[in-house]
Structure formats: structure tokens, C-alpha cells
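Below are the C-alpha cells for one structure; questions will follow.
Note that the chains take the letters A, B, C and D in the order they are written out, and that residue 1 is the start of every chain.
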Amino acid sequence: MRIATLTSGGDCPGLNAVIRGIVRTASSDYGSTVVGYQDGWVGLMEDRRVQLYDDESIDRILLRGGTILGTGRLHPDRFKNGLDQIKANLADAGVDALIPIGGEGTLKGAKWLSDNGIPVVGVPKTIDNDVNGTDYTFGFDTAVSVATDAIDRLHTTAESHNRVMIVEVMGRHVGWIALHAGMAGGAHYIVIPEQPFDVAEICKAMERRFQMGEKYGIVVVAEGAMPKEGTMELKSGGVDQFGHEIFTGMGQQIADEIQARAGHDVRTTVLGHIQRGGTPTAYDRVLATRYGVHAARACHTGDFGKVVALKGEHINLIDLEEAVGTLKRVPEGRYRTAQALFG
Amino acid sequence: MRIATLTSGGDCPGLNAVIRGIVRTASSDYGSTVVGYQDGWVGLMEDRRVQLYDDESIDRILLRGGTILGTGRLHPDRFKNGLDQIKANLADAGVDALIPIGGEGTLKGAKWLSDNGIPVVGVPKTIDNDVNGTDYTFGFDTAVSVATDAIDRLHTTAESHNRVMIVEVMGRHVGWIALHAGMAGGAHYIVIPEQPFDVAEICKAMERRFQMGEKYGIVVVAEGAMPKEGTMELKSGGVDQFGHEIFTGMGQQIADEIQARAGHDVRTTVLGHIQRGGTPTAYDRVLATRYGVHAARACHTGDFGKVVALKGEHINLIDLEEAVGTLKRVPEGRYRTAQALFG
Amino acid sequence: MRIATLTSGGDCPGLNAVIRGIVRTASSDYGSTVVGYQDGWVGLMEDRRVQLYDDESIDRILLRGGTILGTGRLHPDRFKNGLDQIKANLADAGVDALIPIGGEGTLKGAKWLSDNGIPVVGVPKTIDNDVNGTDYTFGFDTAVSVATDAIDRLHTTAESHNRVMIVEVMGRHVGWIALHAGMAGGAHYIVIPEQPFDVAEICKAMERRFQMGEKYGIVVVAEGAMPKEGTMELKSGGVDQFGHEIFTGMGQQIADEIQARAGHDVRTTVLGHIQRGGTPTAYDRVLATRYGVHAARACHTGDFGKVVALKGEHINLIDLEEAVGTLKRVPEGRYRTAQALFG
Amino acid sequence: MRIATLTSGGDCPGLNAVIRGIVRTASSDYGSTVVGYQDGWVGLMEDRRVQLYDDESIDRILLRGGTILGTGRLHPDRFKNGLDQIKANLADAGVDALIPIGGEGTLKGAKWLSDNGIPVVGVPKTIDNDVNGTDYTFGFDTAVSVATDAIDRLHTTAESHNRVMIVEVMGRHVGWIALHAGMAGGAHYIVIPEQPFDVAEICKAMERRFQMGEKYGIVVVAEGAMPKEGTMELKSGGVDQFGHEIFTGMGQQIADEIQARAGHDVRTTVLGHIQRGGTPTAYDRVLATRYGVHAARACHTGDFGKVVALKGEHINLIDLEEAVGTLKRVPEGRYRTAQALFG
């Protein structure tokens, strides 16, 4: 059998561990071969592929962040004649099954291909942990660990200078990284997109701390956080391609507002890209490896149109449809649990 | 309400995060108070307790390994008049609910108390991840991370010197740490108690590597690993208190055997206590905190005779009986997945 | 003997290790006592002091970032009657010697006090490594380590997305952090205040990489970097208290310029406060501890008007004057060595 | 010009950074080429060499532990006709200068070659930091960091269980790793080869702690530590090749003795090979890179018969003779400084 794989969307620690899992399983358990398309869907469209051999070089990638195949952000349905071209290229390369590794957008593309007769097994990838139908995605634990390390460091700086420190972490649509890093880092307030915030509440929480003799506070803010209607004026960051107004630098905007209202010395740290690069944590290496092994197996058992997914202790195969339906958001109960630790 | 807690058995990263979760939740959500008994069950028997205040000092413990309460290995049913003494001490301290945090032995003690009318909510604790009924226990992720870091370092040493390197990790009865650290660390063979090993198979795997041009191998061994009947002579380490022969230093014994049979330069590293100490990973801090919050809540909702347990994304309450019935061992399927990556 | 200490200026990993070194040495080797003034010079002016005991609590601070005494940015000569007040407060507390721990500004204050008859031993502190007369200052190694970790992570992200990544690190006046983190992190270009840059040169270096088949580049920029006269238009960030124009966000300004000139996809990461907080590296703990021990000894041997300083393998005492004369800048030779590795 | 390099002796984090520094400098600053001999001197004898190209692959090795050239423990003067063979092989390969990277034994070999007319520039390598004439050697900081991380973790385990914990670190002849890791890790006693120990003194230090209410102790032991004459009976580990009695497991021997004398619960952790493998610290990457750059430069300026060495902030060239004369031991003064922090 001949399997093809590609990585698409933002990079994510663990992508290479998935690729290694696919190659090693295909080779040692089934005697199959694997090719990789470069730079995401665009490499499949342009037939840029590399043979992936089951040798020492594939072992070395386990620890490497990023993706040895490169990635891209174009979706296959954006291409004119995309489907025909893809079918032709896969046939030309003698590919029997395709394993696209990517986030919600990528899995939508995978579903479109699957609906059109291409044998596909998807692997969910998002550091944001927002793919529906799976308990965790790889890369998330690494992102949370990096953010938690940063928060650990900021505690002592904030305390030494009697400051309120705002830490902006990734999470445009969901607050999983903010929630977990905030809980792990002992944040005194956490702001996530799922729960519109009121700066007055944050100020009140800081006030309580200062009144009890504490001299600093740590507030973790997901980049996509938004205020409750009418509670705070936002500086606009322009409009996006669809004409929607966008707001960036939410951490800094909240910092400015707290400083203006409460008079604290407030500083902002934006963690940025370091959350998505570098060596994956042990947790992410194990999860990503299992995804790769199970995706390769699904190709050989003919379980197409599926996505590998973690459910409790098991890797299951769920329908592509389930994975792309909706984003997995932070449920209110989880936010309530975090709130018990605020202040 | 007045809650008491204690930590029993081997120490484990995240114990303090549980304690913090209990204290913060009890105080801020319910206005309840918490006392801690020192050094495990023995502190409860001897009525050595400390008040745990909901202040900055409780926040600082989130990152600290070990347990601020100390721990001990005695079980309550080993004490003559143990039950009466415990009941008297709890009544004397005005305690309405008890949260013992510990492994299988501790939870058995908790069940014995619960069966005898004491309101108990257990929190499972084991770096070995072998408590039944919960997907993960805190401390396990930290132990796997420490072991994985060590394996990462040993790769380059082994390769530079053309050696087979044996890494002995914790796991007397189950192989979870070996399995996960071995997978995360890219081990070329993993030996766990659940799957009796044959040194001939390990030698064969190493041989394959050397024939393919590789010059080294990493073998991860759980301390409780045992050979298949008749495949290898073990050096006895004496007999235990029950008269059973014990075998220690399994890593070194396997190393000696490989060296004797295959002539490789083989070295052993025993990771030991560093796997169970120190700052918990972000994953363990979140899990331990959630356990603490939910245990405190269960006390207030009157859900006694239960244990908090992770099931997928949720913290559930399961019966104490379910948690202490059997050890959770590595299922054959999980070992097969790891095997796909060997060699 | 009675020693007083205080920490002044920006916080820095290792401050607590110095304090511990002073307290332990004073107590165990000389039977002396130590008091700490809070929040820098202002605490000395306002006589806010705490007794520092030689017990387990002082041991625990070895690993903690920040400073248990708090810090401040006011200088003693800014206070009207500052000298009289300080003399009165020290006399009132029975203090025989003062150990101020701080950067160039703090040591200038120390010199002023010393010139006015107060027995002072200074401890140099700067994560920027720019104090004259000492090979290294504590905190610098931690800052470089944090920045290097971040650069390690950004390599894989940049490579996966074919990007030029700008990493802005601390260093308003000197480029030591940029130089060392850039060398350790394998940066492809390093920009420091001591060597005015020309964006055309950076673009050329990136071009060379892309022509050789590489698909990404990492550029490390010290925050105080400045372009060669006439090579680039800067966006002003307003004027400072002295009426000098200030330029912030140099990383982003360089990124914009490269993107405009060369058309690469360029992203910026500003590391910010995480470089100065958190647990010190082993190197910094040893250096800071030695500084503390030697400062306490100097008080007892009557070597006042001095600063502890690392020279090769030894801790020396140098004159306060030597330490505050000029900033220690990156010599051209060191930058040439780094350049050999560019591209 | 054509430069050859080889790595000899035990592996050490930073070896690859030296190689990279040589290759990049030779190529970009001088247009020279570099070959590497494999597996130390033996590869030079057997003429096993690889061309080292100045491309992306050489950049990737900066972070890798071990040595891409492999290493060996044979010395060139052990070979019959060694000198003639080496001269012939170097001539055959058109090599103009040789850079051996290794410890005291390797540098002795380098001196022997240099004395016999081969143009040699040595690079000192030892995680033990015991090469004479240089302030620090690369690999040492990484070893100290790994050991310090381990000690940090053992504190909380020891404290939770009221134990004395013995940590055996590397250092057969000198105590630098034990001294620095012990100071950085806040050890309560440090035992080094330069200062024969008396177990009675260690017990006394632990006793003082327990009397002051502390419940645990950390003792760091260099593997080559030896007791004061007549203070303790050692278990023999046999005799070495020269007929000298050897003593191994010094950590465990001290542990047994403390347990026997003082009745504490004492445990031993032997850190072993993890101290010498894996990614180098930022400090070691910078130092090793500078060594490589300066060694390549010395070849081009004709400064042969020399060794690169760190003196304060500078890389100097010292005579090979100075480097191999004696081991650099921990001076008594440095041990006294550490003692101020004991207990």
C-alpha cells in the first residue's frame, strides 16, 4: 500500500511525531510506503512530494518542532479544478490513501475530498485544543507548558515591583490555553473568549488582593477575549477581509484600562510564537505518535472518512463530520472551576 | 463546614496543588475551613494537625513538589483501636468530612473508614498511573517528563560511544511510566511488568539496528519487569516480609545479560527518586487542582464514599470500591502500539 | 556586627541568592545579624526594615526569582536631607555596614554614601551584564537562557512557515544578551546597540540564505539597537523626560523594513519581562551566592567602599569608582566572533 | 587551507558547537575546508574521515549533545608506528592543521604530535572542569545544570519523607561539579575528592538540622570522594589495571554509614550518564562556539602547539604544556565558601 500525508495550517509541536508514527507503522507492520507532500495542500496540487523512508532520519524528527514537510494555509477547494488535479496527482503517484494533518479548516478540506471519493483519514491538529470530538490535540500541552513557564517567571517580577502583570496567550476563538496555563500558573484572573469580561470585575479582584496585603496580580488573557457589551471602549484594529472590525492587542487594551481605572502599575507580556514552536512535551509526543500509528492502521483497515480522536484512554475513529461541525469551546463549568482559584 | 485532609504514601508532584484546590474552594465558594493532618494516617491517629488558611502562603505551594503536610506509609487499619481513635480525633477537631489523598493502599484505608461511617472523599495519587477508574493520576505526567528528559540526554551519549543504554524507570507493578517515557523518548525497546521479556528478543532488536548502520540502542525498563519463564537466570535480592523472593536492579541484570550474549558495550542508568520530586508539570498542576476543587465540592454536596476521577474531559465521582478493586495495568493493545515504533 | 542590605533597581534572578549568602555567612561564620530594608532606598529612607533570620526560610529563597525585600527605583541623592535621614536610620537600627545590591545607578548611590562616611560594600546586579570591572553579573545567564530557549522554539516555527523571525531581547544600552542568546540560539544575524545596523545588510544575509535553499532566518535584536545614520527612517516614540526623542519597538520597525524591502514574510516576537523573572540558572545561583558570601566577609574585614566582582575564577573587591565609571559594552572583537557564525 | 578535527574521550555537551565553530569560521572567514576523523584518534590512524560542509546541516548540530564524529578512548602514542601512520594519513588527506578536541589525555596526545612536528591547536574538553589554564570548559555548565535540576527535585522528596538524601555526581578526581551543583542546589553538605571527608562530620551537620526542626538533609557527593584516613571502612570494588584498589558507589557507602551511625532514613541517587548527554546550556554553546572560532583562527595565524583557553572574558591561546601539566583542583578557599552555606 502507498500512503500520502501532508501538514496544513499553523505549525504545532508534534507534527513530526505524527509523521514518524505513520511511516514506522506503515513500514514495519504492513510493509507499506509513505510519501509526503510539501507545504500543505499546495504541494499536493503542484505534485511536490518526497519519499519518507523508515530509517534513522525519521527517528530523529520525534523531538523536532515544526514540520519537516512544511505547511501552508491554502485550502484545496479554493483551487479551480482542485479536485481533478488532486485525483490525477494521487493516481499518478500511486497513492492508495491520504492522511492530511491539520486543524478545522484542513479537516473540512479532508471531508470535501472524502465526499468526493478520495480515501482519507484525518489527524486533528491545533494548539488551541478546539477540535470537536477529541479530548485533547497534540501541541496544546506544549503551548500550555510554555505559557505556564512564562507565568511562573512573571510572578516574581510582578511581586518585586508591586505590579499587575497581563499575560496575553494564544486563543483567538477559544480559551483553552488561557484556562489551563492560568490554572497551572496560579493566575489571579483569567479572561477567555467564551466569557465576555468586565474590567471592573478584574479591578475588583486585584483590589481584594491589595487589601489583603498582596502587592501584585497576574491576569491571563486569551488574545480573542472580548468585553461585555458596554463595559469598555475598544481601540479598533481595522477591518478584516470580510469587513468585520478586528481588535488586536487585547492584553494591552485591558492593561491600559486597569491602569486608568485603578492606578496600578500594569505591564503586558505577549507570548506570541514561542507557544507554537520547539520540542514537544512528553505528553504531546505520546499523543501525536499514537495518532500517527492509528491513522496508518485505519488506512490499512479501510476506515476512511474518519478522524483519529482521543477519548479517555483510547484512540477512536470518529466521522470527519463530527470533527468539523463546531469548535470545542470551554464549557462554563470549567471556567467556574478556575474561578474558585482566582484572587 | 470543617474539612480535614491528609497525604499518605510516596510523595508525588501535585499533592500541594490538590491541597490548595481544597482550601481555596472550601474557603471562597463555601466559607468552610480546612485542617491538615501531618505525616499521613499517623498524624490523624496522633492528632497532629495544622490549620490551613486561604492566604498567599497556600498559593505559593502550587509549584512545590512533595507535600507540605508530610506523608507516611502506615495504614489506619494497622492500628489497634484505630477506628475509635480516628473517630474521636475527628470529632474533637469538629471535622465534618475527610479527604485522604493517596494511592491504592490509602484509598483502601479510606474505604474502611467510609464503611465504618466516616464521611470520606478520596483523591487518587500515584505517579505510577495504576489507580483503577481514572484516566490519569497527577504526578504521572511529571514522572514521564523527567524520564523523557533523561532519555533525550542518553541518546547522544549512547550514540557517541556506540553503546546500548538501559534506562530503568519507576513501575514495580505496572509499566505506564516506561511505556510513555519510552514512546516519548524514542526508545528502541521497552520492557514492562505486564509483558514478560525475553532478552533474546531485545538482542535481536539491537542487532537489527547495528546491521542497518545504527550504532547504539536505548532500552527502557520498568523496575518491576520480569523475564519469560526459563529465558534468563536472575540474581536474587533476598526475600521480602512475606517470604517471596525479590529481584532488584532489573536494569543492570538485563544489561549484564545483553553484554554477555551480544558483546555490546552496555550501560545502565537508574533514574530513581528524581522521577517523583520537584515542580509538577502544567498538566499535573491542572489535574491536581481540579481534583482538589471537586473533592471539596463533593464534601459540600454530601457525595461521600467516593473518589474523584478523570474520565475524558470530566472529573467524575466514582465509588471507592471501583478505585481499589484492581490495579490499572497497561493493556496489550497499548504495548502493541509502542512496539510499532521499536527498532 | 549588624549588617543591613537592600535591593534596588529592576529585579533580577539571583537577588535572593545574594541575600541568603549574606545572611548565612554573617550568621554562621561571624555570629552577626542582618536586617533588610524594603523596596530599595526608599525603605531605608522610611526605615521600613525586616530582620533576616538564618533559618530554613532563608534557604528556601535560593530558587526564587525576584527579591524578598522588594525593590524600588528612587536614588538616595534624590531625597532632600537624604544623607542625614539615612545616617540617622542606620544609627537607630545599630547598623555597622550596608550592602546595597543593584545596578549602575544603585552603585552610584552607594558611592555617594561611601564618600560621605557610610561603610558600604556594593553588590553589582544587572541582567544586562554591563557593570564595569566584573566579568559577569548574576541574572545575565538566566536572561540569556530564557532568550535562547525562545529562539530554539522560533527556529522550527520560522522554518515551517518560510519566515524571517525577529526576536527582540533586552539591552537598551548594551548588546550582551543579544550577543550571547544569538550565538547560543544559532541566529543568522544579531543587532546590538554597539554596532549601528544597516537593514540592507540584514536583507543581504537573508537573501544569501534563501539563495542557498534555506527557507527562513532568525534575527536577534537588542531593544536599544539603532540604524546607521541615514539608512532607515524610524518611527518616533515621543520624547523622554530629558527631551530626547525615543524609539521603541525596534524589533517591529526592523521587521517592517525587511518586509517592505525584501518581501519576506516577517514576524516579530518581543520577549519582554520573562527574561528577568523566575528561578535563576545554576550558574547564576553559584555566582550570586559567592557575591553574598564575599560581601558579608568584606564587611567583617572592613573592606568598605568596594564592590564584589568576578575576575576569572575569583571574586575580587574592586573600588566603587571602577564599577560606576562607564558601562561595559560589547567589544568589537566579540561581535566579529559572532559574525563568523551569521548566515 | 585544509583543517582536520577529531573528538576524543568521553562525550560532552558542546562538542558539536566547537565543530560548527571551526567549520563556519574556516569557510566564511578564510575560504578553508574542514575534514573530521571519526571515533577519535583511531579514526585518524585508520584514515576514516568525512568532509564537513558549511551548510545548514552544520547549523543543526549546535543544539545536539554528543559528537557527530563519534569518539574513542585510544591514545595515539599507544599505536606502534602511530606517528608515521598519522603523518602519512594527514599528508595523504592534504591536511595543513589538526584540531583535536578532548580532555587531558587527548591534549597529551596533541602535545606528543606537536612535539613531533605536526601543526596542532588543541581544544580542551571536560565536563569535570579540571583542565589547567582555562577558567571553564564547555560541558561543565550543562553537567552542573542537570545535577542542580535533580537536586531541586530531591529536596521536596527528602522533606516529605524526612530523609537524608545522598546525590552522587560525576567527579572522579576533582569536585567541581559537586561543588557548583551543591551550592546551586542548596545542599546541606558537599563531599569532594580534594577534601577527605569524615562521616562523623556529615552526621553532625544533619543532627544540627534535625535539632533545629528541619526534617531532612541533602548531601552531594563527588564519585571520587574519599574518607579521611581511619574514619570509615570502605567496601573494596576490586583492583584496576595498575593493581590499585578501587572503590565505587561512594554515595551508597556514605549512605550506609550515615544510616548505621545516625539511624536516619537515608537514600542514594546516582545521577550517572544523564550529566554528560543532551542539549548544551546557552553558556556552553557560547563557550564551545568561541573555542571553535578561535581554534580555526589560530590555525590560520600559525599559532600551533597551543590550546584555546578562557581567561576572564577572553579566549587566549596557552601552551599545550600548561594545559596538560596538572589537573585543576578545587582550591580550599572555594570549598570554604561553600561550607558557609552548609547546614
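One rule holds for everything that comes next: a residue touches a chain if its C-beta (ideal position, glycine included) is under 8 Å from a C-beta of that chain, and two chains touch if they have at least 3 such contacts.
To keep track of the chains, here are their UniProt names: A, B, C, D = ATP-dependent 6-phosphofructokinase.
Being a predicted model, the structure only gives us computed values, none of them experimental.
S.K.: Measuring centre to centre with C-alpha atoms, which chain is farthest from chain D?
M.R.: A
S.K.: From the mean C-alpha coordinate of chain A to that of chain D, what's the distance rounded to whole Å?
M.R.: 41
S.K.: Where the CA atoms of chain B average out and where those of chain D average out, how many Å apart are those spots?
M.R.: 35
S.K.: So, what's the distance in Å between the C-alpha centres of chain D and chain C?
M.R.: Averaging C-alpha atoms per chain gives centres 29 Å apart.
S.K.: On chain D, where are the residues touching two or more other chains?
M.R.: Residue numbers touching two or more other chains: 152.
S.K.: All pairs of touching chains, please: list them by chain label.
M.R.: A-B, A-C, B-D, C-D
S.K.: Please output the residues of chain C touching chain A within their complex, sorted ascending.
M.R.: Per the touch definition, chain C meets chain A at residues 7, 10-11, 13, 15, 64-67, 70-71, 146, 149-150, 152-162, 165, 215, 267, 269-270, 272-274, 276-279.
S.K.: In the complex formed with chain C, which residues of chain D make contact?
M.R.: These residues of chain D touch chain C: 20-21, 24-25, 28-29, 55-56, 59, 62-63, 135, 141, 144-145, 147-148, 152, 180-181, 183-186, 212-214, 281-283, 285-286, 289-290, 293-294, 311-313, 337, 340-341, 343.
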